[in-house]
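Chain IDs A, B, C and D follow the sequence of writing; residue 1 opens each chain.
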Amino acid sequence: MENYRECSKKVKDVSLQELRHRLAEFARVRGWDQYHSPRNLLLALVGEVGELSEIFQWKGEVEKGLPNWSHDDKEHLEEELSDVLLYLVQLADVCGLILAKLLSLKYLKMLRNTLSSTLLPLLRNYYLPEFIILMCA
Amino acid sequence: MENYRECSKKVKDVSLQELRHRLAEFARVRGWDQYHSPRNLLLALVGEVGELSEIFQWKGEVEKGLPNWSHDDKEHLEEELSDVLLYLVQLADVCGLILAKLLSLKYLKMLRNTLSSTLLPLLRNYYLPEFIILMCA
Amino acid sequence: MENYRECSKKVKDVSLQELRHRLAEFARVRGWDQYHSPRNLLLALVGEVGELSEIFQWKGEVEKGLPNWSHDDKEHLEEELSDVLLYLVQLADVCGLILAKLLSLKYLKMLRNTLSSTLLPLLRNYYLPEFIILMCA
Amino acid sequence: MENYRECSKKVKDVSLQELRHRLAEFARVRGWDQYHSPRNLLLALVGEVGELSEIFQWKGEVEKGLPNWSHDDKEHLEEELSDVLLYLVQLADVCGLILAKLLSLKYLKMLRNTLSSTLLPLLRNYYLPEFIILMCA
């Protein structure tokens, strides 16, 4: 177990596409993909969001950084956050949608929606190129 | 709009850490981070999972790849999947947890849990190094 | 345990107001009401909906009446359905809203919304009195 | 509209069985019951819980009785609470389970679980008869 934790400390990052591939392979090898219909995965996702909520349910308002949480509560939270992500990535995958692509489009829409129409032309010239470089790199 | 779509087609990938940084910056610049308490973000996440479910609610069982879905339904689904991810990444962030790290640990646990104890020593020698290279690169 | 089950077979009905009173009393006696803030109860509700979803998550489409479900699965489902209802009633209560009242108003709205405007005057004269008798009795 | 509200003020209560019958009849008359498979209704329920959560999502901690909420926010909340209940009752119904029965059993279990084993015999003689009268009337 200690080895695993140590390994995880060194892990810096993972991309959505890598994650998608790994999870698909993981399910395929184990023969789980037969159960991975869109609505099955959606309900599994809802289940995990429920478990996530249970961690927060009796705590009243919670401060950023969870200053007073026990180590066990934090570890439990880590588990549930991961579970939600895993099912989300798999749900997008079986629907034939690429989450990484969706996001950049979504992000552009958010950027646009939070700007008044007067600012938009300015943004298109000034802010967007920088953004496109970031996102389309 | 067409430009945005075109751009999004070229986008290949995004990492969880990049996403985290961008979303944090996005919220900070707009002064939204004052609303981003853990439980506010959690409820926002639940709200988006609800919207995701509404897309699937009257459809009966849905085939992989969504073969008979309209373009509008697919686009709506893309939106909601992205929204769930955005709030999930932000929730992990305000809790001080790094989703990318959690995942690799989680993945190792899943790998371990699906293997019998006899196979585990074998795995540790054979499969894990490859896995550690993948995850800890 | 057998006694309880026997009792429950004889139980015919419970009203929303009775349920509300009993649950409030139940929480008060145990000192639980200090934890029953609106958002705590909401997250508890989400948690139970998650547990409800987990029962259905790997089953594919499920037929009405659950013909092929085991006794244990049905019992588990009963538990979770009840839990959702208990938290829902308590959430409405701590918000100062009376679920029984809301429902009749909601029902009238649904009735109205599913009727074309040409039918509405007819309904008002013909159907509504019967309905009002039913609901306002 | 005013008439409906006035009516709703007079409404005192509704039982779970009445509600079940009315909703089943409501769906049957409109031909909606063909869409009311267990998983369709479950996802509809999740959708409504999402809408409920959205009302609370940016509010931080909320006091009992919602003292500072606008009339519109309260009305919206009433709507969503009702919607959750309607789908919950219908979900139990299409699963062939009677929510009113489940509850009393559940309630007895809760009662039992919150009592130590030493107190249980006492309760069975003292508290339970009163409870059974209430529940099995």
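For this structure, a couple of remarks:
Operating definition for what follows: a contact is a pair of C-beta atoms (placed from the backbone, for glycine too) under 8 Å apart; a residue touches a chain by one contact, two chains touch by 3 or more.
As the structure is a prediction and not an experimental result, all values here were calculated from the model.
Judged by contacting C-beta pairs, the busier of the interfaces B-C and A-B is A-B. Distance from the subunit B centre to the subunit C centre is 32 Å, each centre being the mean of its Cα atoms.
Taking each chain's centre as the average of its CA atoms, subunit A and subunit B sit 2 Å apart.
Of all residues in subunit A, those touching 2 or more other chains are 37, 39, 42-43, 46, 49, 53, 56, 59-61, listed in ascending order. Arrangement of the chains shown, judged by which pairs touch: all-to-all, with no pair of chains left without contact.
Listing the residues of subunit A that touch subunit D in their complex gives 39, 42-43, 46, 60-61. Here subunit C touches subunit D in the complex through residues 4-5, 7-19, 22, 26, 30, 36-39, 42, 45-46, 49, 52-53, 56, 59, 61-66, 74, 77-79, 81-86, 88, 91-92, 94-97, 99-111, 114, 132, 134-136, going by the rule given at the top. Note for the complex: subunit D touches subunit B at residues 35, 37, 39-40, 43-44, 46-51, 53-54, 56-61.
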